[in-house]
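As written, the chains take the letters A, B, C and D, and residue 1 is the first residue of each chain.
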Amino acid sequence: KAFPLIFERSKPGRRGVRPVRAPEVDLAALLGEENLRETPPRLPEVDELSLVRHYTGLSRRQIGVDTSFYPLGSCTMKYNPKVNEAAAALFSDLHPYQDPDSAQGALELMYELQRYLAEITGMDAVTLQPAAGAHGELTGILIIRAYHAARGEHDQRRVVLVPDSAHGSNPATASMAGYEVREIPSGPDGEVDLEALKRELGSHVAAIMLTNPNTLGLFERQILEIARAAHAAGALLYYDGANLNAIMGWARPGDMGFDVVHLNLHKTFSVPHGGGGPGSGPVGVKQHLEPFLPVPTVRKEGDRFVLDYDRPQSIGQVRSFYGNMGALVRAYTYIRLLGAEGLKRSAALAVLNANYLKERLKDEGYRIPYDRTCMHEFVAQPPEGLRTLDIAKALLDEGYHPPTVYFPLIVKEALMVEPTETESKETLEAYAEVLGRIARRGLEDPEWIQGAPYRTPVRRLDEVSANRKPKLRWEPVEEAVRSS
Amino acid sequence: KAFPLIFERSKPGRRGVRPVRAPEVDLAALLGEENLRETPPRLPEVDELSLVRHYTGLSRRQIGVDTSFYPLGSCTMKYNPKVNEAAAALFSDLHPYQDPDSAQGALELMYELQRYLAEITGMDAVTLQPAAGAHGELTGILIIRAYHAARGEHDQRRVVLVPDSAHGSNPATASMAGYEVREIPSGPDGEVDLEALKRELGSHVAAIMLTNPNTLGLFERQILEIARAAHAAGALLYYDGANLNAIMGWARPGDMGFDVVHLNLHKTFSVPHGGGGPGSGPVGVKQHLEPFLPVPTVRKEGDRFVLDYDRPQSIGQVRSFYGNMGALVRAYTYIRLLGAEGLKRSAALAVLNANYLKERLKDEGYRIPYDRTCMHEFVAQPPEGLRTLDIAKALLDEGYHPPTVYFPLIVKEALMVEPTETESKETLEAYAEVLGRIARRGLEDPEWIQGAPYRTPVRRLDEVSANRKPKLRWEPVEEAVRSS
Amino acid sequence: MEYTPHTEDEIRAMLERLGMRELRELFRDIPAELLEPELDLPEPMTEAEVLEHLRALAAKNRPATRAFLGGGVRAHHVPAVVPHLATRAEFVTAYTPYQPEASQGVLQAIFEYQTMIAELTGLEVSNASLYDGATALAEGVLLALRQTRRMRVALSQAVHPEYRRVLKTYLDAIGAEVYELPLEGSRTALAEIPAEVGAVVAQTPNFLGSIERLEPLAEAAHRAGALFVAVVDPISLAILKPPAAYGADIAVGEGQPLGNAMAFGGPHFGFIAVRKALVRQLPGRLVSETRDVDGQRGFVLALSAREQHIRRAKAKSNITTNSQLTALMGAVYLAALGPQGLREVAVRAVANAHTLAERLETIPGVERVTEPPFFNEFVLRLPVEARRVRARLAERGIHAAVPVPEEYGENLALFAATEVHDAADLEQLEAALREVLA
Amino acid sequence: MEYTPHTEDEIRAMLERLGMRELRELFRDIPAELLEPELDLPEPMTEAEVLEHLRALAAKNRPATRAFLGGGVRAHHVPAVVPHLATRAEFVTAYTPYQPEASQGVLQAIFEYQTMIAELTGLEVSNASLYDGATALAEGVLLALRQTRRMRVALSQAVHPEYRRVLKTYLDAIGAEVYELPLEGSRTALAEIPAEVGAVVAQTPNFLGSIERLEPLAEAAHRAGALFVAVVDPISLAILKPPAAYGADIAVGEGQPLGNAMAFGGPHFGFIAVRKALVRQLPGRLVSETRDVDGQRGFVLALSAREQHIRRAKAKSNITTNSQLTALMGAVYLAALGPQGLREVAVRAVANAHTLAERLETIPGVERVTEPPFFNEFVLRLPVEARRVRARLAERGIHAAVPVPEEYGENLALFAATEVHDAADLEQLEAALREVLA
């Protein structure tokens, strides 16, 4: 039985929420006849119960961390405390343009969070404005650009170096900021090839963007050397904070020599992922970059907290208002709940879980291309003869979310596994056993595994034709007929 | 894959919510060594994420009004507005023993609700204390008893008359209050047999308990005659409000001659059913019974609202405190949202839906033992050769909740269908079609229908052995072995 | 607002199918003189309007989140995860699980709840919950009388006065008699139990806060052939002896402290647990484990022959609705905290209550009436009427000093402390009480 | 608090399997001089403590639920059903639907959202959402520049100043240039567009509240070979002409008014819709209908070759996270209200705003700057600095008078009315403003 679209539940004249009594108004007189639309938008017309059944039903066709183990590598799908939601609700009725003296609690929280994040990352100043990780990257790169421009070196420094294992957003960001991107190969140990990096370095390089631990889950052991080389060449070092969950409390990007860092509050600091956002991507910088932070930041003046727009060297603004307050409150709450010791213990157990699951997957016949102590995640490959995609689909039938697949690009048939610290040993054992069972059965019965999944709300979907001839909206029957 | 018990997710030493820092205390010194328990209760030891997956998973093994059409007769499974929940939360932090002057908003709401319910039912005074419908019945019958006692007639009036179609709680209540229960047969039109009733009436009768419309969904057309006869014999007339949703705004029990009425706020006034409670069962009475209401009621003194305990003839108290406030706020909210016109329209559409679905079920071959204009519900029977239980189980496979089955007892293989006003015509059509399809297939393939359901989380369950040898709690493995 | 999906066209079409032209025809069976009364109700409101109105009403209350009020309901911290899970729509909008194959969520949750209550009380069988603590006591006593076929009850005066009042209402109904076991200090005096008594009832910690020693009373009850009914506080069972250990046949109590809001007194839930031999007398719903046709584990309502929908006039009780959702809150709460968390809640309450008592006793004219050992509540004799003290404290934003009925003495007030209080709270109450009594 | 399930025994066993004895060994790849810095963070708190602390912080704010503040975010009524549904755990705790077979809930919801935005704007294709209105504008303009392969933008001065500032940040990054189309009164002056311009941008209702007539500007843009980008308010589209009708190629806007809390400015969502021809330039996620192997309808992420995780340095945008949950709130809101409900919200706002303007204009020294027709916001010239007026009103519990940047004139303040306001609110603001200005 096909699950209907909300439009297919619609009936002309049916009413759902009747939010207000609308007064009689001569709209044409007030707004100008020529400004009025001729036909209303064809929004669904459903009663409240149909609405409820529709979205409740959709939610039951969806899995999430709260239903299933979800070890999506590089996404840190940890459990997010429910108290966060109660916390966020306390700050939901504030307008960004209300008198700041009437929002001192909100500003105080932001001010303190700026301080905490600076402390955790080892940076000197933080902006909370960016709306997501990639947005933080853009902000960070624009700060770097502004720094070089202020020193008169912008025209000369047109290159950003990025390892071949980097998150795709790194090169995309650099290119969005007008930079030429050059890829640095990884060495046989999975880390940046230091010699290759040094060869590319020079006065044409604006920045190096690194994730540490990198996307293979490996700590870049030569990070101090890399930082020295970058700085010697006049380049800045950018830290992609997507993997910070591995090391929080244990080591700080600032101490490693990074000049700029972005954080993904929705990964490390327990903001739920929301099916793909919203997130929050604060950026921390060392003192020499502080003048370039976007406006406004929150400053303390005596015992008042103020929005500081007076920053002449600022890169400007990267979004409206001050940041994703709802996410900021959750992150603040999380940090206050855990404290320094709790953050540190979380990171340690995230790393423990990853290493343990890595061993268990080896038991089950999976291959580990870079097999050493990993950090919060690791990259595996299925036994020879099996495709990662098929493994992923078969996992869905067992009620699990698969790892990140086919990333990083430098590993063929990659399965990038990040269990996080909130998963139990039993869950890791069960996952490993299922993966083993799937691999064994898949090798025996290729047709079975290529046909998976069998028990999900829909079976394997045709993505090729969706890309070739995308259908991106519902159309009323008469139009669908006409346009086909 | 069996869904685990929360105890099976437990591991010694694992912690979930750590609610407080417990100080170091010498418990033996403070509380007495002899008062301390020797071993802690074996509650589950689970982390917060396991807890979340457990109960989220359980909820996904459950259907409700928000997932499925749920036409359970006599239960009024209508859609309950979500705004009720926000409303109830506004009154959740009050303690029943706080200074009443510090809870004037709560008391005002209760006072007004007493008034609204009196108005809707046509009664003179209302108590909000009873915790559920059956509890309201008990309260009402005790009021009747106190009334007769006050008139010196208690010893003589030892009988309560109840129609054979009544809800089981009616005779159970009368018997709980020490009365002898006599059943009045229904006539061929499904209504109380007036002559039989009159024959039973006399100075030994304390009360007649009636539901109107009755459980066949039929309005007792001779209600005024019944009331006259009852009162002439000195008996009081009790109204079981379970079916009030049929007539609210259209007719009032008080006007029909009833002396006492209970309401099920969780049926008629949009308090969610909660998987079986809590409900709320206010009781309304005519003036002559007001002195006997339980204490306290809410009274207005000038512009203050007070809890009135000073009622010397009161039956006493039927539960602690004042009533299920959470339910009261929801009912109050609902009445304020709908107003008199909205309540009336709701009832009319509930009746329309029932009559329409009755016609549709006839199309599909179902039998209607009392086929005339029904009120909010009707009773059907499957086509000859099919069992109601099998129909019900087959419906589960289609994602629907069945009607009430095997009730009322006076109809064999009864299916008691109450669609409610919040269901759409499409839903009724689809339900009728599915019922038709099931009946046709069931007649063709008895084995299929007797094996249903096939697609539910578990299949048909063995209730016989559960009754013969009930297992009412989990036991740790070692004990389970020992006790088996 | 309205919550009906019908368009005018649909109404017309549906009426047509019924051979009718307007909705009022549906009500033709109702005598004309009864039809369409004028109702004096306020005009309908939109959702936004009603919320605004309710917020204005709520603003006339002073929330009691950190109250020192006790007597069956207390200010506890409800972990955010508890309502988050228990208010999942499927739990909230289902009814009694008559169709077990589609109701495994509720059924399994009840089965687990029954187990937790059995573990707390040490008794073998718990039902699925009752309305509240007071009605749970009434049902427990009725059960004992059914079982013993007797009509007399011995009731400690130290049992919560509202519970006693409710019990009397229920017992009056069947003509059973109650007599009270008097106090000796702040505890129930031990007394021999006459042979016609079917149930002996006591509470620990009792209404005055004292922990009772109930073995001797239970033994006396059993000697007389009566059943012993204990009223207990669920939080206390984290550290205090379970009722089974001192010979209770039946244990009942109020579930609010387990993860439920105070809600001005309801809805909460009542729990009841009994010895296995009494299971067929137990009122309310029961869930049993069983198997499906494929041998898979599942859960069903069991022993419903006890219930009124089959036995009607011979039912054990008229109960149909229980308190499923609030009991679910309780179960989630217990599972969230575990034995260790529950213990910590209890220990902190004990520590706070003892510190508080010590502090308040130093106020001139204030005297503790509750004899040790006590748990998390205690009674003080104040130099003035408790009602006025409560009111004056409330004006200062502090909720404390529940007036204790005169039967226990003059100017008595009940105080409670829980895990939510910290040193500053205790200090604040002390200072405020000094001020009020100065 | 901590949210890890590990018992000490388990940690020991797991470490043993790794040949380690303590957790710090896991970090042996980190240079020793970096390890274990002292962090200056506050001590951990329990859940109850942190909530108490946050409530104290929140008490330092004055909620703006009935605010007359505008500028992209406004006080609207969010029907209770909207967060109830959108915050179902499965929606909240999932990530981007990379595995479509287990993510049909999110995918179908996005598909429906895309349809609703297309319906509101009249344009063929919407993506799954962007961060906010300002970044949606920036992405829309970048798209236009990519499509036209030009590097110059004509930008109406009547576009929200923060949006213009964000756009400039984005354009600076790629070295594109902006020039401003000046105002004529409170509207954008019509100007010819030079041939090197790739995007022409205007807003209606504009920042000053006036409804712009944009056909001529769109035509001028098209004559120059540029694309026309309209910034619109989603509520206004219930009754105002959709952007497609006046020639917009790209429409963008802020989604907050659709069922999202004001939340001090975020998270909200930005929407973007474009003509079909531009779909392959569109940044962010897109969901397409498709079929599964059994022929059943299903939904998948489509055209992801546009996205950075494949194209990397050649991506259209670096966007990965969108605003799924807040956009879902928007979709549920639109479905809850339907065309009629949304129209009523808009009509009431229009009526309120016009009544309010009339009332406030009667205050001595106050003058309306916004020329009619205007929608639900308008600008007044006050006799004193807006910032001070806003502060004085706030002291009286009223939020109004957003200071308008100096570039538009002196002492200007923006006022907004919405469907939440009633006659009493308007009266109250008038009285308060009279008092403040007296």
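The rule is short, and it goes like this: a residue touches a chain if its C-beta (ideal position, glycine included) is under 8 Å from a C-beta of that chain, and two chains touch if they have at least 3 such contacts.
For each chain, UniProt lists the protein as follows: C, D = Probable glycine dehydrogenase (decarboxylating) subunit 1.
These figures come from a predicted structure and were not determined experimentally.
J.: Could you tell me which chains are in contact with chain B and with chain C alike?
T.: Expected: A, D.
J.: By the contact definition above, name the pair with the higher C-beta contact count: A-C or A-D.
T.: A-D is joined by more C-beta pairs in contact.
J.: Distance between chain A and chain B based on Cα centroids, please, to the nearest Å.
T.: 47
J.: How big is the gap, in whole Å, between where the Cα atoms of chain B centre and where those of chain D centre?
T.: Comparing mean C-alpha positions, chain D is 46 Å from chain B.
J.: From the mean C-alpha coordinate of chain A to that of chain D, what's the distance rounded to whole Å?
T.: Each chain's C-alpha centroid was found; their separation is 19 Å.
J.: Residues of chain A that contact two or more other chains, please.
T.: Residues 11, 14-15, 17-21, 46-50, 52, 56, 60, 65-68, 79, 81-83, 85-86, 422-424 of chain A each touch two or more of the other chains.
J.: Show the residues in chain D shared as contacts by 2 or more other chains, in ascending order.
T.: Within chain D, the residues that touch at least two other chains are 1-6, 10, 46-48, 51, 77, 79-81, 84, 88-89, 419.
J.: Once bound in the complex, which stretches of chain C touch chain A?
T.: 1-10, 46-48, 79-81, 84, 89
J.: Contact residues on chain D for chain C in the complex?
T.: Chain D reaches chain C through residues 47-48, 51, 77, 79-80, 84, 88-89, 419-420.
J.: Can you list the residues on chain A that touch chain C in the complex?
T.: 11-15, 17-21, 46-50, 52, 56, 81-83, 85-86
J.: If you look only at chain A, which of its residues touch chain B in the complex?
T.: It is residues 1, 11, 14, 47-50, 52-53, 56-57, 60, 65-68, 79, 81-82, 399, 422-424, 426 of chain A that touch chain B.
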